[in-house]
Amino acid sequence: MSDDLARAVEAMLFAAEAPMREAEISAHLGGAPVAEALRALVADYASRGIHLVERGGRWHFETSPDLAHVLRRDREEPRHLSRAATECLAIVAYHEPVSRAEIEAIRGVQTGRGTLDVLLEAGWLRIAGRREVPGRPVIYATTPAFLSHFGLASRRDLPGIEELRAAGLLEPVDAVLEAAMARGSDESAGDRLAETGQSA
Amino acid sequence: MTAAEDTLFFAGADGTGEAALHIELDGWEGPLDLLLDLARRQKVDLRRISILDLTDQYCAYIARAVALKLELAADYLVMAAWLAYLKSALLLPRTEAEEPSPEELALRLQLRLQRLAAMREAGARLMARDRLGRDVFARGAPEGLRVERRSVWECDLYALLCAYGTVRRRGEPVVHCVRARAVMPLDAALARVAKLLGVSPGWRELRSFLPRGGDWAEPRLARSALASSFVAALELARQGRAEIAQDAVFGPLLLKARAA
Amino acid sequence: MSDDLARAVEAMLFAAEAPMREAEISAHLGGAPVAEALRALVADYASRGIHLVERGGRWHFETSPDLAHVLRRDREEPRHLSRAATECLAIVAYHEPVSRAEIEAIRGVQTGRGTLDVLLEAGWLRIAGRREVPGRPVIYATTPAFLSHFGLASRRDLPGIEELRAAGLLEPVDAVLEAAMARGSDESAGDRLAETGQSA
């Protein structure tokens, strides 16, 4: 392109901080008529990644609408699920469908709205309707994405209460800890007890 | 340089000379700056400049400034003195082993002027370039690129089950069982020791007062009996009903009823 | 132009709020190699009112320099740099990294703290660490913003830097002096002294 006027219009619209009226552009260029230059530029840019457009009588450059996606970049950030959210998820998985009030009753702690939102956003919970009781609370259930993330064929694969107990997951923390400690320091604990016996 | 020249050789040409000189001194950033200006006036390559001429010009300039009673910064005067010394050293016959030689000093001054001139020139060329925001312009109103952060939540089945276990445990009513531990209460020990003391005339070891057999064989109970009996013995001694003796550290504790 | 990658690069650089490195551009486009697209765009825009330029490894669009007179109108002149600041900037640019003492050695005058501050604030200089000599002085270097402001693709484009280097004018006086003195009284030195003698 060698048309100096069009080049000047092009540079001006590029550097402008706001869209410009044709008259403003012309005034900046000593009153030269710029309609022709604008038309030429629109044609020049028609197939590029940038378009020259007129909106409400003002001209500006903008990126081509079909490229909106390249101007936005998604970045995935792995984050650990909070303990509260993990507990809520577990409760829904074992008791679904449940309302928030029921989750709170089981957890024994208030559950922030944000906690359930995180699980909905993660795609692991869904809203499964409303419970037909006074207040019609929303009830939650797990999703197929939940099953596949945790490697479960169905909810029936979740270990039952007895299995959890057998795995030590239901024992009070103290008891589990003590057992672990005793196992961990067998011989030294034995020594210590023998000693105590003697000194008595 | 013409403007500087005018002011330098003002010689009262337009009656404003004094003020001009004063302003001009403010304008020079130190002696080296002034020297470079004077050197430029020689209109030769800085590499061919005459140090002696330069020295004369500088000293003349400073002398004039002093005559006008302008306040001169000390470093201008120091430079003048140094240049006068340099000139004398260059003109006088060489003395032996003078370090550094006057030629070296002269060369050093010349090199410094060259470097300053080069940087001044470079600065001017830099400033004359097409500068962003003055001659060329970036996009006035960029839309901006957005990076959207999306959280990918991490959790595994084990963590899920542990969490459920935690919830269930929390839900269970907490029951605290405090098992009564078999002990010998102090009252019982007191009564027992007092009774046994009453029936035995001489010294007796504390341990012989302890009950034996049956439940008392259990080590924890035996220990409790020993501790309580010891405290009972101390109490009886305090009341003046018993005497306690120990012959050696950690030796056997002996006990005897005290004649009332 | 129908090359989708070039269109995407074009739109991205157009929309970006700051110059972008080739690697950043590529990252936004899922890691696609963009060197070819950048080259094509530079050529596309060479004769337009806008140019695609590389400054210190970062790419951005800017208006063509020959249109300065059209665009400069009613824009504020960027703050005028003092002579001291201009010299400091030149010294850092041509010698970087340098300490304040080294700047002062060349200028033959103390450099007020404010002079360097102005350049740091303008974003043209940065503190580039400390020199590992007694006193550990701070050393200064130029920034990418310096290169883009002065339209330099890299420090190699600094005006006259090759000539200055060839003439030894970027080396410290001491180094050059030693070499010169070692050569003894070669003809040029002889001439100079003869001249000096005459003029006395």
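Going in written order, the chains are labelled A, B and C, and every chain counts its residues from 1.
Keep in mind that, in the parts below, contacts are C-beta pairs under 8 Å (C-beta built on N, C-alpha and C of every residue); 3 or more make two chains touch, one makes a residue touch a chain.
These figures come from a predicted structure and were not determined experimentally.
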item	value
Most widely separated chain from subunit C, with each centre as the mean of CA atoms	A
Chain nearest the global centroid, as defined over all protein CA atoms shown	B
Subunit A and subunit B: spacing of chain centres that average the CA atoms, whole Å	40
Cα-centroid distance, subunit A relative to subunit C, in whole angstrom	43
Separation of mean Cα positions, subunit C and subunit B [Å, integer]	33
Residue list for subunit C, restricted to those that touch at least two other chains	12, 14-15, 28, 61, 63-64, 71
Set of subunit B residues in contact with two or more other chains	137-139, 143, 145
Subunit C partner contacts - residues on subunit A that touch it in the complex	1-2, 6-12, 14-15, 28-29, 47-50, 61, 63-64, 67, 70-71, 73
Subunit C partner contacts - residues on subunit B that touch it in the complex	29-33, 47-48, 50-53, 87, 90-91, 103-104, 106-108, 111-112, 114-116, 118-127, 129-139, 142-145
Touching residues on subunit C, where the partner in the complex is subunit B	12, 14-17, 28, 60-65, 68, 71-72, 75, 77-78, 81, 83-84, 86-87, 89-91, 93-94, 106-110, 148-152, 158-161, 164, 167, 169, 173, 176-177, 180-181, 188-189, 191-193, 195-197, 199-200
In the complex with subunit A, residue positions of subunit B that touch it	137-141, 143, 145-157, 159-171, 219-220, 222-223, 226
